[in-house]
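In structure tokens below, several structures.
Across the two complexes that follow, chain A remains constant while its partner is chain B and subsequently chain C.
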Partner chain A sequence: MLNKVEAHSMSGFPVARLSGVLLLLLAVAIAAFLHLSLGAKSIDWVTIWQALFEYNPLDMDQVIIRESRQARLIVSVVVGASLALAGVIMQAISSNPLADPGLLGINSGAAFFVVASLLFFPMFGQDYLPVFAFLGAAFAALLVILLSGWEQGSERLVLAGVVVTALFSAMTAILLLIDQQGLEKLRHWLTGAIGASDLKKLQWVYPYLIFAIVCCFTLVRSLNAFHLGERVAASLGVNVLLLKVSGLALVVVLSGCVVTVAGPIGFVGLVVPHVARLLVRNSYAWLFLYSLLIGTLLLILSDIAARIVLRPYEINTGIITAFVGAPVFIALVLRRMK
Partner chain B sequence: MKQKQLPSRSVRIKLFSRMSFYARSNDVFWLLFFGLLLLFMLLWGAAIGSYQLSILKSWQIIIAPELAPEKLVRVVWEFRLPRLLVAALCGAALAIAGVILQSITRNALASPGLIGVEAGASATMLVFVVIVPGVIPVFLLPVFAMIGGFIVASCVWLLSSLRGYSPIRLVLVGVGITSMLSAFSEMLITYGDIDLVESALMWLGGSLHQASWPQVKVMMFWLLIAGSLAWLCFRQLNLLILGNKVAFSRGVDNRKAVPFLLLLCVALTSASVATAGTLTFVGLIAPHIARRFCANRHGALIPLSAVIGACLVVLGDSLGRSVFAPLQLPAGLVLVLIGAPYFIVLISRLRKA
Partner chain C sequence: MLVIEHLNAGYKNKQVLKDINLTLSEGGFITLMGANGCGKTTLLHSISGLLKLASGDVFLNEVSLLTLKRKDVAQRLALLPQIATTPSGLTARELIMQGRFPWQNWWRQWSELDEKAVNDAIEVTNVRDYLDLPLEQLSGGQQQRCWIAMTLAQDTPVVLLDEPTTYLDVAHQVELMNLISSLKSKGKTIIAVLHDLNQAATYSDYLVMMKEGEVYTQGKVKDVFTKENLSAVFGLDAHIITDPYNGTPIALPVVTLPDNVASTADLNNRQQIHYA
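Here is the complex of A and B:
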């Protein structure tokens, strides 16, 4: 409430929102430090500082941080940010509070295409993996739209997503049953795992990711208008069809990239926009920024949890996000749906 | 009932001397048609496999086992028939559960897996197969899976009726709980011993390779009890799809009818999940196929979708056994593969109409 009043009274310079962003940045920084220090072996903060700024390759602890944890941290940040943005856009263009790339089957479509391409077209280099992931994500999204239609209610959209997820995960399961070694190699990736080696995969996708994230911010004006309703947006000069198609394309690219890097990670795109909307309500520019930061924070925290809950073993990050996200989903349903 | 109130083309069916009811001849025809189709599929399923028989031969062996060579009788009666019958019974049970769930949620996309039975049973099964293998004997596993399914389904029901029941809530809470449980199952699949996981995965995919005669009997028991109770509720279901208010005004209290019907649905689903793993896609498509022949008249819809569901699972299992032989694909996966494209076409057509 305070946010809103101040933003109006000090027209032009949103102090409250900027300070919110700064607070979130601080939280992300603290979480990042925790991420670097906690794990199978706890490392004190001085060593972390040295590893980052006065790197000494002979100190084993510093090597751990530089070689494995730092990579993992970067991957979590990128994954969290992209999933959160994808979630905001999906919920905006479908006008549906329950949209999420994981829940609607887009992630599983991308995952199926990646698995299929690894098994059937090993001759294509790994540079092509993101492209396959985009194809799969787009295909799944089209199926969901075909099943539910644009203007249907939440429930129908979610159920269409469940059907599409069932289809793609069955096909993935069949592929993996046919190719047993594939199961052994891919079963970690298939539940949304973040690992140190993923930094390499990030190099395949970062051009697409940067492009997509920049594009998200160009949609802000149209999304603000669209929030008032489809007709109002059209009367304000927004090309609604173009907005929906480009929004969908962005979701496809963002979640395709995430799936290529870390496997299907669900529920981040569902939870983060809702948390962000508790803080900002009326402007998509701020909503994007807040969601970006909250998504990053959530994923860093989940990754910390994934590594310390069953120390010295690691749980997949995707499983942690499901455990966090599913109760939020249920709470949303119970509060919002009648 | 007076004669003139009846729909135009109908036949009187006498069940016992004092119990008779009227059925449209159309429905009777389709029921017989799919019944014969099921019979044919069973024969075909009994004929194909690593030891190929002709359909005529399998008919002879089933009708008169004492005349056929002993080896063939063993193949058909000990391996193939129980498997086929379990497939058919599970398919029928799931299809009935699907009809019930789609009608009480008034949603064409609802499937019996949605209320958490499947996920609960799978998670329980995985716990006992992967984490604590050997704690309970193998033949009790289905019982535990069934209990797990029941517990999860009642959690979904309680949560969704916490602030007043509504079909949307039921379905969406089910989706939430299901995805949480499947995250748990995935965790076990990812970190478990690969051999244990492998066998659990076969089961989870809806595999029938361990089917035996006792399973046929158990499944038959559940199908007869819960299925016939569901069929006797066809009038309530006919009214419930018109909305709670209409149903209430015609004397169906949805606060009493819905929990009872859900209970039947859970019983049918968990019995078949416990016997044959996750096959629940049948519960989604069989009612839709049946509806093309008899619309939403549940008196005909329930038996017809049961027969169609049985056909589908038998078909899926036979294809899974034969197409990639010697590799056996689980019937559930084959069904999703065949069923999902058909389903997508069907739904998009329904939407346009």
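Here is the complex of A and C:
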């Protein structure tokens, strides 16, 4: 009898977890509809429905949905999901709850390389933008590791990240000064502008993104073991170095893709894993899934806010996520100091 | 049989282990002893591959562990390192189940064999009562039992333990040592680092005494646990008596009476002995 009970709880069907996922999916769906409906001009739900399923190109409202808001929505989903996954991985492999591709300079490294490539190597097509973004992200990551020594859970990691972020932001600002007119559009993009992005940019990056997201889930078992501590993981048979390098590579690809599409959007990777951990704590498979959905939700809501707080003007989505993320960051730091 | 040949290892600028040669036979309880910083933990880490060797080789049953993948090492040899922090958000059972890591992969997740190994480990370590409680809610002794259960669930012929009784109170230490020594009867080879001299003498079959990164002496407890060796390895002045109940040797540190002038060295040495 006892054994039977145990067998059940060891491989039992996770009803609570799964219903949480369904609830989150529902929330994402509602937020998505809101996203399509709200904006400079409010559009009613019937028109949204028609635009999606019985498209009539003569109706201007339906055109707005199809041509502008739908693209924004898709980009928000992709950006939210990718940044959230990148945040989970970064926090896991650095054993540091403050790790985030934005805070650790990876986003700004990618952004600098993208801007520099547009300025100095215009002969490469725009298809190469993600590659430059990856290079920049990887370069920034290496710089942070060199500066911090990759110590477990160390504050030096965050400080190094701040320094690298400042460095790349300054260098990007210099580039923008050199070419004022040509890069006016970039300035907008550099504060994390989903509005400036379109589906074409997504086409450059989606193969990398899909590959990276699938790869995240192959790290689950090793990450679960790594959660017990680096030494325990190693003695359980985890190749710790390989885990860290592949985790970092995934972060570089995910952040690089996001930066290419929407510019450096911060704090999503910091906030989302902490929220997800309030709901699921013991398995990275579920943590990834929950983070992916919560990140999506956060970005859709942020993008809604970005479009309606100063209606009819728009602010950049990255500014909204910073407003949400900065208090969380401060709260995390305060808790750590105690 | 575990054979260590010309092992040199250390950290960045400091060589810790100098030309270690050891042949440890299968079965039984082997204890590594020595003063702080003599390289006991470094040796355990070197054997299990946590630390890259500068030179030398480690063979388990004539297979060089250095040539194996991490997972293959973990199927042969389990190490429980010193645990500094309790992982958050796990129940005792979830921790123990992690011990099956080296036997699984992403297409073969949870088998009957895994189930059996985990149940056996739970049985031996007697952690059934708090299996579904979060680790954070358990006492130090209970947590340590769970870690040992995880290590046992790994189901390896050789188990390495790094100071398994640190931070536990006396009753829990004894309980845990009894548990560990009972593993011998399951055919496992236990290699442990122990700080408590008398615990080492009571429970071990074989002692390896280390000094400054080298093996000072090794052998059966009765042959090695002597006044001379303790003095040489620990700088400890102690009488050796025989435990009237177990027949094992016991070290009684020579007490400096208050009217004698106690030198600081003596005081330091005395602090290293915990009375069990």
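Note that the second predicted complex is superposed on the first by the 320 of 338 C-alpha atoms of A that agree within 3 Å, B and C clash if a C-alpha of one lies under 4 Å from a C-alpha of the other, contacts with A are read in each partner's own complex, and residues count from 1 in each chain.
Just so we're on the same page, a contact is a pair of C-beta atoms (placed from the backbone, for glycine too) under 8 Å apart; a residue touches a chain by one contact, two chains touch by 3 or more.
Computed from a prediction, not measured in an experiment: that's the story for all the values here.
Participant: If you count the residues of chain A that each partner touches, which comes out higher, chain B or chain C?
Facilitator: Residues of chain A touched, chain B against chain C: more for B.
Participant: Let me test your reading of the model: by the given contact rule, A:179 touches which partner, first (chain B), second (chain C), both or neither?
Facilitator: It touches nothing on chain B or chain C.
Participant: Touching A:224 in the superposition: chain B (first), chain C (second), both, neither?
Facilitator: After superposition on chain A, A:224 lies in contact with chain C alone.
Participant: Regarding the shared-chain residue A:98, is it in contact with chain B (first), chain C (second), both, or neither?
Facilitator: First partner only.
Participant: So in the complex, the part of chain A that touches chain C is made up of which residues?
Facilitator: 3, 6-7, 9-11, 218, 220-221, 224-225, 227-229, 231-232, 234-239, 277, 281-282
Participant: Going by the contact rule at the top, pick out the chain B residues touching chain A in the complex.
Facilitator: 107, 109-111, 114, 159-160, 162-164, 166, 168-169, 171-173, 175-177, 179-180, 182-184, 186-187, 189-191, 194, 197-198, 201-202, 205, 281, 284, 324, 327, 329-330, 332-333, 336-337, 340, 343-344, 347-348, 351
Participant: Under the definition above, what is the set of chain C residues touching chain A in their complex?
Facilitator: That would be residues 45, 48-50, 69-75, 78-81, 83-85, 87-91, 93-95, 97-99, 101-102, 104-106, 110, 115, 118-119, 132, 154 of chain C.
Participant: Can you list the chain A residues touching chain B in their complex?
Facilitator: Counting only chain A, the residues touching chain B are 98, 103, 143, 146-147, 149, 153-156, 158-160, 162-164, 166-167, 170-171, 173-174, 177-178, 180, 183-184, 187-188, 190-191, 193, 266-267, 313, 315-316, 318-319, 322-323, 326-327, 329-330, 333-334, 337-338.
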